[in-house]
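After the structure tokens below, expect a handful of questions from me.
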Amino acid sequence: MPYQVNLGLQVIPITDPKDAYSIIDDCIKIIQSSKLAYQVTPFETVIEGGYDEIMMLIKDIYEFSITKTKEVVINIRLHSKADQDVIALDKIQKFNE
Amino acid sequence: MPYQVNLGLQVIPITDPKDAYSIIDDCIKIIQSSKLAYQVTPFETVIEGGYDEIMMLIKDIYEFSITKTKEVVINIRLHSKADQDVIALDKIQKFNE
Amino acid sequence: MPYQVNLGLQVIPITDPKDAYSIIDDCIKIIQSSKLAYQVTPFETVIEGGYDEIMMLIKDIYEFSITKTKEVVINIRLHSKADQDVIALDKIQKFNE
Amino acid sequence: MPYQVNLGLQVIPITDPKDAYSIIDDCIKIIQSSKLAYQVTPFETVIEGGYDEIMMLIKDIYEFSITKTKEVVINIRLHSKADQDVIALDKIQKFNE
């Protein structure tokens, strides 16, 4: 898959809210420490890159999360096009000027 | 429900991509014409306000969408707290400075 | 909107798992006490009916949930067609025979 | 990650509905041809197994889908516990008796 995809990642630890937010913050830090472009939005962090490199990052986040909470729900949305990159900025810039 | 909630709205028309994007743009315009605070993100538009007023807006968008495409999937994420407003900016600003 | 829609409802209380499951069970009981057709699946309960009647049920569930947990995420997926009912069974029966 | 997870997979081809359903059916066939336990539900197919083996299956489905449609949205929900398997049947059987 040569083209860049967009992926929205929402990590929901099933635990007390104060612990949940700390885990979510640490997951975002893992994304920030990768070389991938990302944007933190209210429900998810949107990551831009190749399918395989994003999925390796998600595995890291998943494995981290489950060491910090007894139970977790992780929601992933993938957006991909057959013949071109998906660029997050292209989808939103006209609405946020 | 007196407290303000956060709601992420993703409209996916099941139709040719060029028609799909035009419908999605028009749905965002309906949100923009409401008085509610919103943020367009790559996968969804996040709306902030009272539960009932947001749900009335969603009904408008749903009814509009189904006049423009034979079939639609609408994904909604609601985030609510028992004793305080949910403020989208509070959730993301520390990561986007 | 005269046609019947399909709606998937996932309630995620942000609280300790043992409390979370009890709240989820009570939310499903609210669905069961309605007159609407439903199916409990591993991630969500799928409800079949008119848009307005399902949305009234969701409001009941939302208002209930927020009395039982400090914080909740509710995920909703709506599937609707412009000119016919969406029938859950039609979508799955050929795969589950 | 030794424990078994639950994963809900929804493939939404952005194309004409009649093409979309044919692609979705073929994706379900790919799941059926794996050795993993699965259940087709109205909005998603729920798969049970190890994280890595499910993610390899999802890569196959993603790569297949994008050869059949110009654009696709794939939604994934992962449910995992730190110290035990997640068993889909345990979550739903009491409601479907």
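Worth a mention:
We just call them A, B, C and D in the order they show up, numbering each chain from 1.
Here is the rule we use: contacts are C-beta pairs under 8 Å (C-beta built on N, C-alpha and C of every residue); 3 or more make two chains touch, one makes a residue touch a chain.
It should be emphasised that the depicted structure is a prediction, and the values quoted were computed from it without experimental measurement.
A count of contacting C-beta pairs for C-D and for A-D identifies A-D as the more extensively joined pair. Distance between chain A and chain D, defined via averaged C-alpha coordinates, is recorded as 19 Å.
Mean C-alpha positions place chain A and chain C at a centre distance of 26 Å. Multi-chain contact residues, meaning those touching two or more other chains, occur in chain C at positions 70-71, 73, 75, 77, 79.
If each chain is drawn as a node and touching chains are joined, the picture has every node linked to every other. Within the complex formed with chain D, the chain B residues making contact are 12-17, 20, 70-71, 73, 75.
On the side of chain D, the complex with chain A involves touching residues 1, 51, 55, 59, 62-63, 66-67, 69-83. Of all residues in chain B, those touching chain A in their complex are 6, 8, 10, 28, 32, 39-44, 46, 77, 79, 88, 91-92, 95-96.
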